[in-house]
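Scrolling down, you'll hit the structures one after another.
You will see two complexes here that share subunit A, one where it goes with subunit B and one where it goes with subunit C.
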Partner chain A sequence: MTAGDSTPTPLSRHILTLADTKRLLGIRYSDWILGSPSIETGIAASSMAQDEWGHARLLYAMLKKQGFDPFEVEHTRPAGRYYSAPALDRPFGDWADFTAAVVVVDGALAVALESFAAGSFALARTRVPKMLAEEEYHRRFGTAWFARLAEAGGDARARLNESALAMLPSTLAWLLPGDDVYDGLAAEGRVWEAARVRERCEDRLAATLARAGITLADVDPARDGWDADRRRGPGAPGEEAVERARGDRNRDLFVE
Partner chain B sequence: MVHASGGRDRWSAPLREAPEDKRGALREALGEVLDPELPISLVELGLVYGVDFAGGTARVDLTFTATACPCMDFIKQDVRDRIGSEPWVDKVEINEVWDPPWTTARISEAGRRKLGRLGVGA
Partner chain C sequence: MTPPLGESVFEVFARKSRGEPLRHIGYVDAPGVELARVYAWKTYDEENWFEMCVVPRGAVIPVNRPEGPWARNLPTEGDDG
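Take a look at the complex of A and B:
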């Protein structure tokens, strides 16, 4: 069974939502290994990209017991079958986009993982805590750079504000779908209830976002064009990124 | 493809007879398998969470320092090769575990001393 030709269960869909976002986030981070503000930030981008792909690999592997072939899921799906957060559909334009994504998208993803780790799915309980430990470095890096750009004022602050505000509505909708599928998972004890996720999101993101003049409580999730099957807003990640995610060009070069 | 990571030349010869304490023997053998990036063993690094032996099958509960550790396959291959070289072991099973998450606190005192001599703080 693949995620492309069947209807995944709510739990499988949730795993795909997390795994695909990790996979795409890793690609977007990797774009800035060279060309970021310094060699040190490039190394950080490299390390975070590696973490995201490591997490994605562990998450995709969870699908095996859900009746999926993780290889098929990772390497054959078209862009239109990706469940990733819409904020990652296009490459980051500059370092402000990168920084905003570390705080907004990676932050929301970490909240989703905390919720998943606290639920009843055994593989999440045993694997996700390691991911969260690694995510702590992303949080520190994102918070520090967000504050740095925000406090610089001028264009830096304006660009950061613009980037974060562009990512927030779709990311909040991705994190808090507000649909029966999510509520069903919460009722089964797989994840936190939506209100708790929102509260945790406030705890984690609000103070950082406020540095750029953004009040998280004022941002509404963007639900227009919601795709219930993929549990995300409209659109899909760019084909070039998905080709990289699938490893298309090197498929024939994976030799033992 | 032949994989040859560092430290294999220091592996001891397989035991001629099956030991009484098979778990202990397995743990000793794993103590000879080095991390590919740091010259201390997997046991000293705290990556071995459990060892068991039943019906000719050696089972190793193994974790890694990071979820994206680029050396996972090398490490697994080294474990299979070292333990699999024992004639009393028919099969090697590696169970990848992430709970509890590995941290530097799991490095043994002996491992810390070795790393310290190399100028690596842990």
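Take a look at the complex of A and C:
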């Protein structure tokens, strides 16, 4: 079975949602390995990109026991079958986008992973805690850079505010799908209930976002055009990113 | 060389195991302590460090050499603060 030819089970949908978002986030981070504000920042972007890809691979591997072929899932799906957060569909336009994504998208992902690690799925309980330990450095990076741009004021703060506000509604909907599939997973003890996820999201993101004048409690999830199968809003990641995610240019070299 | 973006230099120290002394492994430029911690961990990640610390270069006081990278941190004679 592949994720491209059938509706996945609720647990598989959840794993694909996390794995695809990590894969796309890694690609978007990697775009800034060169051209970020300093050499150290570029090195951190590189390391974070590798973290995301490593985590994605571990998450895709969890699909094996759900009846999927991880190789097929990673290397053959079209863009329209990706479950990634919509905020990653297009490349980051500037450093404000990068910083906002570390706080908003990576932060939401970490909350989703905390929820998954606390649930009853054994592979998540054993594998996700190490991911969360690595994610702690992403949180520190995002918080420090967000504060720096916010405190700079002027155009920097305005761009940061604009960028974070553009990412938040679709990312909140991705994190909190508010549908029967998610509620069923929560009822089975696989993940936290939506209210607890929202509460944890507030704990993790609200104070940072407030530095740029954003009140997280006032932001509603954007559910227009909701695609329940893919647990996300409309659209798909750009073909340029999906080709990299699938490894299209290396296809003839695959030896696995 | 003066670091860009109003950054400061932080010296990085680390050890691989509890019983090993901390050793100087390099430095990073960072605008503050929080990013210095992240940059150090992400830059010097070739080992599975047991412990890593960063120290602002300005906090390193030379003991026996009046020249070198830390010479500017020498206290004025009579100043013990």
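By our rule, the second predicted complex is superposed on the first by the 253 of 256 C-alpha atoms of A that agree within 3 Å, B and C clash if a C-alpha of one lies under 4 Å from a C-alpha of the other, contacts with A are read in each partner's own complex, and residues count from 1 in each chain.
In the analysis below, a contact is a pair of C-beta atoms (placed from the backbone, for glycine too) under 8 Å apart; a residue touches a chain by one contact, two chains touch by 3 or more.
If you're wondering where the values come from, they're calculated on a predicted model, not measured in any experiment.
In the superposed model, A:L58 makes contact with subunit B only, not with subunit C.
When both complexes are overlaid on chain A, the residue A:R148 reaches subunit C alone and has no touch with subunit B. Of the two partner chains, subunit C is the only one that A:P37 touches; subunit B does not reach it. In the superposition on chain A, A:T126 contacts subunit B only, with no contact to subunit C.
Legend: residue contacts after superposition of the two complexes on their common chain; A:R90 is shown touching neither subunit B nor subunit C. Here subunit C touches subunit A in the complex through residues 4-5, 7, 28-32, 34-35, 37-39, 41-43, 45, going by the rule given at the top. By the touch criterion given at the top, residues 37-41, 43-44, 47-48, 137, 140-141, 143-145, 148 of subunit A touch subunit C in their complex. Those residues of subunit A lying in contact with subunit B across their complex are 50-51, 53-55, 57-58, 125-127, 129-131, 133-134, 255-256. Those residues of subunit B that touch subunit A in the complex are listed here as 1, 66-70, 97-103.
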